[in-house]
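Two complexes follow with chain A in common, the first pairing it with chain B and the second with chain C.
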Partner chain A sequence: MSGYLSGVLAILGINIIFAYSIYITAATGQLNLGGAGFQAIGAYTCAILSNELGLPIALTLALSAVFGGIISLLISFPILRTKGVYMVLATFAIAEIVAGIILNSDYLGGPTGIVVNAYIETEVVLITAIVIVLLGFYLMSTRVGLAMRAVHDDEAVADLMGIHKRAIQVSAFTLGGAIAGLSGGLYALYFGFIEAQYFNANISIFVLLYVLIGGTQTAWGPLVGASFFTLIPEVLRIGDDWRFFIFGIIIVVMMIIRPEGIVTRDALERIWSQLFPRGKNV
Partner chain B sequence: MSFEQVLQQIINGLMLGSIYISVAVAFTLTIGILNFLNFTIPALYMLAGMVGWSLSHYGFPFGLTGPINWGLALMIGVICAIFASLLVERFTYRYFKMKHGDATEHAIPLVSSLGFLLIFEYLILVAHGSDTRGFSTSFADLDWRFSGFIISIPQLLSLILSIFIVAGLSLLLNKTKIGRALRAIAENPDASNLMGIEVNKIVPIVFILTGFLCGISAAIFAINYHEVSPYMGDHVGTKAIAAMVIGGLGSVWGAIAGGLIVGLSETLSIYFFGASSAQITVWGLLLILLVFKPTGLFGHNAIGKGKF
Partner chain C sequence: MSEPILRLSNISKSFGGVKVLENVSFNVKKGNRHALIGPNGAGKTTLFNAISGVHEPDCGQIFFKGKDLKGIASRKRIRRGLSRSFQNIRLMPHLSVIENVMLGQHSRCKLLDMFKPINISSKATGKTEAINTLASFGIDLHKGQTVSSLPYGIRKKIEVVRALMAEPSLLLLDEPAAGLNTEETNSLKDFLLEVSDRGITLLLVDHDMPFVNSLCQTVSVMNFGQLIYDGEISGLRKDSKVLEAYLGVDE
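Entry: the complex of A and B
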């Protein structure tokens, strides 16, 4: 594998994992605009654990996910008191606070960032990405996934039908935080250097766009969205500024032609029924 | 640190807050009336400043004119922001309103406005690069020294101007026919349509006001701080969002209070704890407020609770 290709694949893997973390929260109807904050928590946990304690890579990755999960569990209780736009802005506030704390802390390297000593190969990122994608598909096929969809579609009715709305929302938020932490850990180990400025509001916005443009109805959405927006710029191969300009136009056009995202439940059913026809002829 | 120094910081904070006020009012208007978090606002703000700079530095494109007067250039910048805002209305709000009925059920306008944010921002980056540009005006140093305190006159005027604009807006919303139509749309777009309000003609007014408020605010910023940059909208935009949330979504006077609170807490925290602490103070304040009073200081219960 050439260096360029493996670099693109690693970024693709990290973006896909990150997209699933936001997707799992979005599947219960909550938009998390603070993804970068949770990713930063994972990345810095991973960096500190492997630099200071010299823990093995698998353990540091697991711990960065656990730590991301614990932090998001703790803040999910106050956050989930808020609704709608307020919730979006509260998650945004958390990402800003995390970045602010890192910038002000000498131990975490402040604005200069820290170098991570341990290193992982592209294969590790890709295998983790595959595991997370499978986990996403499995989760959405279980009763919990059905409950998540019900809460997404109508909170009040889901509550009436006996779904523990709050438990579903808190666990989705926690799982999302844990997966975002894992993606941050992978980022730190793969690139070997992290700085607070990388985990900025743009990263949170982009990952939310991957998920919303991919589609939140099915587990295919984040996979398609993240792949689409990671690979398109590589294919276009033009100046950085034009790239984001075209990205913006794609978003606006996409919202006009496929407002529910690229992959919707209807589209999947149509493709499925054409591949495996049933009914009339059988 | 003497008492005078702290007082000077409080004055600076209020002046900085006056920049946030107009942008926060733009945010709060769109969300209060249309239930739509318009993320293009930072880009509109930046557009007015950068177009103003470009005209006063190069003149009209394709060599039509030489550099033009800074005041006129800023006015054209404001007009550009208004037209850009109407473009956003055409392609995000109106389009999806027609197609899907009540747009609040979807995240669509929000996502489209993020798309427009990228389009405007990178269009300017492609045209002018990412450097911060000096903006020279005819008044260089107009500080008013008042028993030891320094008050910049343009800043004082801009604080007064923003409060006047907002008071005028409040009057428009509460006393005129257009204002009544706007409040009806805020209450229920479908019912107001049935009552004979031409929603498609009234809604663009919100976007014209949005462009105007952002443009004016950017012009005030350029005159006060003598610089513009393609990233000027990001900083002001995020702070204005914080101001809007602290004041309560949809409340015009709340946006004023929020803008001043954010400006004050930013300068005071920079003064006491150093430059990079402002982020923690402002957003921490917002988070604590949201936990204890999830609707902000003056917010209405119903606004912003809708699903995306």
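Entry: the complex of A and C
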């Protein structure tokens, strides 16, 4: 495998994992525009544990996720008191606070960043991405996933059905933070260098777009969205300087023709009924 | 004489300076089909919201199966056997029919069952039960479709089936016949009689008097937040206060 292809696949894997972190929160109706902050928490946790304590890679990755999850859990209670655009702004502010702390901390390398001593191959990223994708599909196929989608569609009715909406929202936000932390850990270990400037607002906006363009109605959404956003710009390299202009137009067109995302439940239903015209099930 | 499954005692509720409910008291007997009627703005839906826990009454008590519901969160009331439908259909638009119906089982689910994939038809996942219930009411043909694509009358029935999946003792139905044509209303009446035959007590709000007359045995009438009649449905036409509320008085 060429270095270029290997790099693209690793970025694809990290982006897919990152997209699922935002998707799981979005599935309960919460938009998280602070993805980069949680990814940064995971990346710096992984870098420090690896550099300072020399922990095994698997353990550093696990602890990146755990630390991301703990921070998410702690801030979920005040954050989830907000709704809609206020929640978007609150999560965005969290990411800015994280970036601010890193930039002002000598221990965390400040603006110059940290070199990470340990290293992982592309295969590790891809295998982890497959596990997270399967986890996403599994979760959304269970009653927990059903409860998450119910809270997304109508909080009041979900509550009257006996669903503990706050528990569902906090759990989803925490799991999302843990998965974002894991994606940050993988980024740190794969690229071997992290700096606060990388985990910026653009990253948070892009990962949210992966999910919104991919579609929030099914677990296919983040997979398709992250692949779309990672692979199309690579294909468009043939357009040289125009590639981001062309990509921007493609995004606008996609939002016009598929306002609910590329993959919707109705679209899957249509595909399913065409594939299995007689034996159609649920 | 059967015991009351629901007892409302002097329920009052105000929003700002507007008194929506004023000392409302009546009982619903177990196994009965009881109607709650009144002109628009009489406070019927507010009373439903108080019973289901959406709003806590300012004063008064609600006893369900003999126990005071004060301080019981709305999500916990369904576990006690109190389930409801809504004035405007509130099915989950992005879920399929079967998923909407299975949502009604949530209050009965054990923690471990929450982590079993629901697309597997089995007793443990509850999918078989949901399909059978839809089939028993003749609406299983639509089980795989998202609800937004279905006719209004079918969606009304699905909402009732969803409420039934909680295995309630008391089913609150807020204007179940609203927006239905004559054929759909008759079909809904048969459907609700079947629900009643299963031993479930019905308390329903509706404006369609022929529908209420043909379905319910007892009725409570509200006007401007106050109860003006409570008794057999046969006595409704003879009550002067009810006639005044609905037809007005000569000046």
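To be clear about the criterion, the second predicted complex is superposed on the first by the 273 of 282 C-alpha atoms of A that agree within 3 Å, B and C clash if a C-alpha of one lies under 4 Å from a C-alpha of the other, contacts with A are read in each partner's own complex, and residues count from 1 in each chain.
FYI, a residue touches a chain if its C-beta (ideal position, glycine included) is under 8 Å from a C-beta of that chain, and two chains touch if they have at least 3 such contacts.
Given the structure is predicted, the values throughout are model-derived calculations rather than measurements.
Engineer: If you tally the residues of chain A touched by each partner, is the higher count for chain B or for chain C?
Structural biologist: Partner with more touched residues of chain A: B.
Engineer: Quick one: classify A:A150 as touching chain B (first), chain C (second), both or neither.
Structural biologist: second
Engineer: By the touch definition at the top of the document, which applies to A:Q217: first (chain B), second (chain C), both, or neither?
Structural biologist: A:Q217 sits against chain C, while chain B stays out of touch.
Engineer: Kindly classify A:G54 by the partners it touches after superposition: chain B alone (first), chain C alone (second), both, or neither?
Structural biologist: Touch partners of A:G54: none, neither chain B nor chain C.
Engineer: Of the partners chain B and chain C, which touch A:L160 in the superposed model: first, second, both, neither?
Structural biologist: The second partner, chain C, only.
Engineer: Could you look at A:T142 and tell me whether it touches chain B, chain C, both or neither (first, second, both, neither)?
Structural biologist: second
Engineer: For A:P277, is the partner it touches chain B (first), chain C (second), both, or none of the two (neither)?
Structural biologist: Neither partner.
Engineer: Could you tell me if A:D266 is touching chain B, chain C, both of them or neither one (first, second, both, neither)?
Structural biologist: second
Engineer: Under the contact rule defined above, give the chain A residues that sit at the interface with chain B and also at the interface with chain C.
Structural biologist: none
Engineer: Sort out for me which residues of chain A touch chain C in the complex.
Structural biologist: Per the touch definition, chain A meets chain C at residues 138, 141-144, 146-147, 149-150, 152-154, 156-165, 217, 265-266, 269, 280-282.
Engineer: Tell me, which parts of chain B touch chain A in their complex?
Structural biologist: Listed in rising order, the residues of chain B that touch chain A are 31, 37, 91-92, 95-96, 99-100, 106-108, 111-112, 114-119, 121-123, 125-126, 234, 238, 241-242, 245, 249, 274, 276-277, 279-280, 282-284, 286-287, 290-291, 294-295, 304-308.
Engineer: Sort out for me which residues of chain A touch chain B in the complex.
Structural biologist: On the chain A side, the touching residues are 29, 31, 78, 81-86, 88-90, 92-94, 96-97, 99-101, 103-104, 111, 201, 205, 209, 212-213, 239, 241-242, 244-245, 247-252, 255-256, 259.
Engineer: Residues of chain C touching chain A in their complex?
Structural biologist: 52-54, 74-79, 84, 86, 90, 92-96, 98-99, 102-104, 106-107, 109, 113-119, 143-146, 149, 162, 166
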